[in-house]
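In the two complexes that follow, chain A is the common piece, with chain B as its partner first and chain C second.
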Partner chain A sequence: MSRAAATPAPSHLGRLWYKWRFHLSALLVIIPLAFMPKYFKDVALFRGESGLGEREVGEVQVGPWSLRLAEFRQEPPRLEGPAGYMKSFNAALCQACIGQVKATYLRIGKPRSLRAAGALFFGSPYRMGASLPIPARTKADAELWITMEGWDGSMHQASIPLAQASPATLAWLDKQGGKP
Partner chain B sequence: MSKKSRSRLWFLVHSWLALPIWFFLLIICVTGTLATVSQEIIWLANPDVRASKPSADAERLSYGQVLEAVQRAEPEIIVQSISRPQEDHFALNARVSYPDGTSPTFYINPYTGAIQGVSPQFDFRQFTRALHGWWLVPFTNGFSWGWYLVSLTGLPMLASLATGLVVYKKFWKGFFKPTLRFRHGARIFWGDFHRLSGIWSIWFIAIISITGIWFLIQAILADNHISISTEGVPPVVAREDAPIVAAGGSVPRLDVDQAVAAASQRIPGLEASFVSLPGNAYSHIFVGGRGWYPLMFQSAAVNPYTGQVDSTRLLSDRSALEFVTESMRPLHTGDFGGLWLKLVWFLFGLILSMMVLSGLLIWSKRTVQATAALAKRPARATRQPKPAKPAPIRISEATESQP
Partner chain C sequence: MITAARLCLFGASKNVGEAVSAIPTAAPQKQAKKRSLRAVNEHFEPAFNVAMTTQVVFRGALLTLCAGFASLAQAHNPICQCEPLDGEEIVCTGGFSDGSGAPGVTLDVISYDEEILVPGKLGEDSKLRFKRPDGEFYVLFDAGPGHVVEIDHTEIEAP
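Right after this comes the complex of A and B.
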């Protein structure tokens, strides 16, 4: 390599820079290396190896049935374009009620009817998921309602405070209160 | 600017395009090359994913028979979907769910229905794809910034192809008189190699860079919530179709093979390559596969109670724009024509990786001189007709007009 004429008597540092400047892109390899633990943690989460979700809420009794509820990610709702802010929950039906429960719904506030019962859980009853829209003006004392519909036409409901279901969402709502 | 100065400028642009990011580009090319054959690498490493025939005249089981065999072997698990890889030497994949909430993939023998193995924690295929596709940067809010980082490299790649063809005068002659000189030192060899492999992979570099740029556009569109899809909202089973069943009774549901038959009847020529079972009481059985156009899938949503095909997504439903955009991904990965096509993509992927490396080697031996030479020339000279004095570096050297 010939030295460009424009650099008179380069310093030691300058010489290093000159020699290595085009190999600096190798430093980009640090990015995937740094994200690798997070990548494998996410793989385990998606596969269900690390539990129902990032934060287990606990067993909720709904009439004769029950389910285990978990926050998929322990974090505030995510903005999903026109759909607004969404929060994902996972649930597992009790072993005995798998054959009896037709559908499970999640909603903020008490549903007026079964047709407006909220987000429908999807997936295996051992680990199903629902994505719940969270309006930014949701009140801090809001309740999360679980509606379960049986194959025999019966319906049962239960609720838990949103604060218990997702403290991260509540903290986020508190911040939303500051700005309209 | 004179013709020669312009050639030299293009040559310098070509030389500098990939240089500052050469290592990044090299790793992207190498991981992409690996990703094209990752399924085959797993096939070599893990006997569980092979579809071994128990006897020469063994017949493939239907999806219904496979489902039955899996349920018999593992009564507690819930099968969510079964898919058949495009190549016959691969076992079927079934996404299943265990009572403990884990959801691995089963590898199932397509002839016997035997569960040959469970997908390991480390999925080599997903990992190479994630590394190649988004540099492992997680998707937290829309597309990952790693996706942008990787897909941006499509731009210098396409520009390298364009400028390369400009500076390589009469490049088509290289097809008839291939030159690869081994005995004239490393610089000559790598120069010949770069040019020769370059002209033979014009089509490949164009495909990879253009589809790569599409991935960039796709992310920009999605992150700005601009949709070009003609696909409507996903279908839902009507409330009145789902029966009310007295306590203790069993829910009458359509057999999987009936669903496949209904879908095949509705979509002529459909080769069902996946069946996705209902995710809840109000969702459909989805049956899908390739049609006459191997780059895109068609699917039908079959009502699990009535057996009706409630909706379909056909090739003819796609707009002309979707035909182009939906073809981008298979064109990039080369996974639409079986093993041999994958091997072609793999081979040219290797060549493309070597293009990056040989480009660097040539540069480190020559471009520094060419740049210094151009910098030394008086600014006026570039606008005037060619001065009589000889250029500091032979123009043939710089513009690759001669082999």
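Right after this comes the complex of A and C.
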């Protein structure tokens, strides 16, 4: 009596597994490739190769200076823990004002004072970033105020409608209905 | 037999040939075998060195990746909450979104016409108690330029 006869025949599933296991392992190697376009898109965004942000708002004149403003990501504000919902904007100072501007701030609504001018832009003047807190009770006609402080002590302000700066944020506010 | 793991003990920056010569000779009768292995190792030295460099680069990349995720997780946004106490007092608590407190940070109560009504600093427990001022005011938690939180008096409801 041969030993082979004593061995039970593999089940249907077992046969399928032995037949296709190599192909399955190859598939596991291929799966990460599906995420590569998103990965390279993000890398280009972080390095600035795809522009200042995902959606450029345009040039905003602030007194004698100007800056290019962009939404970092074209999406609603993100919940960042206990600090609430935050929205990221990027900005680039005009070439002539790089040496003159000390600080640039961003705020929803007109700032009461320079101390309360809002979120501070940080980073290179060619590509600065600011994370702006968005209160859930913000009204649809709210304005985004840009405050620029010069090394000479001067201060200039300008505003643009939030609807123009970030339609995604406005749509999110509409959906929230003023509720936190 | 000299394994790659044993070679790693001598540090990635060291040449494989040096690592081999640095291995202590435990038994004299094994000298001949080690000499022959040295020849093999010297032959494959460039390949081993490339592999080790890759390992070092991989470790570096892993560290960078971990640091990147750590920075994402450790956002440092200012937080301030004010609540009315019984009577005419308000207590404000400051901190940061990474869970750290804010003892000693400035917290001013300012009227709408920019007059500082209560110039204060948070205590050791990151809290400040003050009497509710008359009229319209706002609370400014000021942890530095761009790190401020404003709370309007309308958001601090009376009990």
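Heads up, the rule we're going with is that the second predicted complex is superposed on the first by the 147 of 180 C-alpha atoms of A that agree within 3 Å, B and C clash if a C-alpha of one lies under 4 Å from a C-alpha of the other, contacts with A are read in each partner's own complex, and residues count from 1 in each chain.
Following the convention adopted for this analysis, a contact is a pair of C-beta atoms (placed from the backbone, for glycine too) under 8 Å apart; a residue touches a chain by one contact, two chains touch by 3 or more.
Bear in mind the structure is a predicted one, so any value in this text is a computation, not a measurement.
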| item | value |
| --- | --- |
| Contacts of A:A44 with chain B and chain C, given as first, second, both or neither | first |
| Partner chain in contact with A:A26 - chain B first, chain C second, else both or neither | first |
| Which superposed partner A:F122 touches (first chain B, second chain C, both, neither) | both |
| Partner chain in contact with A:Q95 - chain B first, chain C second, else both or neither | first |
| Residue contacts on chain A - larger count, chain B or chain C | B |
| Which of chain B and chain C A:F35 touches, first, second, both or neither | first |
| Which superposed partner A:M86 touches (first chain B, second chain C, both, neither) | second |
| A:Y105 touches, of chain B and chain C: first, second, both or neither? | second |
| Chain B versus chain C as contact partner of A:S113, first or second or both or neither | second |
| Overlap of chain C and chain B interfaces on chain A (superposed complexes) | 81-82, 103, 115, 120, 122 |
| Chain A contact footprint on chain B (complex, rising order) | 19-25, 27, 78, 80, 97-104, 121, 123, 126-127, 130-131, 135-138, 140-141, 146, 149, 225, 239, 242-247, 249, 251, 279-283, 364, 368-369, 371-372, 375-376 |
| Parts of chain C lying in touch with chain A, wherever the complex brings them together | 75, 77-79, 97, 110, 112, 114, 138, 140, 142, 145-148, 150 |
| Contacting residues of chain A [partner chain C, same complex] | 80-83, 86, 103, 105, 112-113, 115-120, 122, 130-131, 133 |
| Contact set on chain A toward chain B in their complex | 1-2, 4-6, 21-26, 28-29, 31-32, 35-36, 38-39, 42-44, 47-49, 51-52, 78-79, 81-82, 92, 95, 100, 102-103, 115, 120-128, 151-153 |
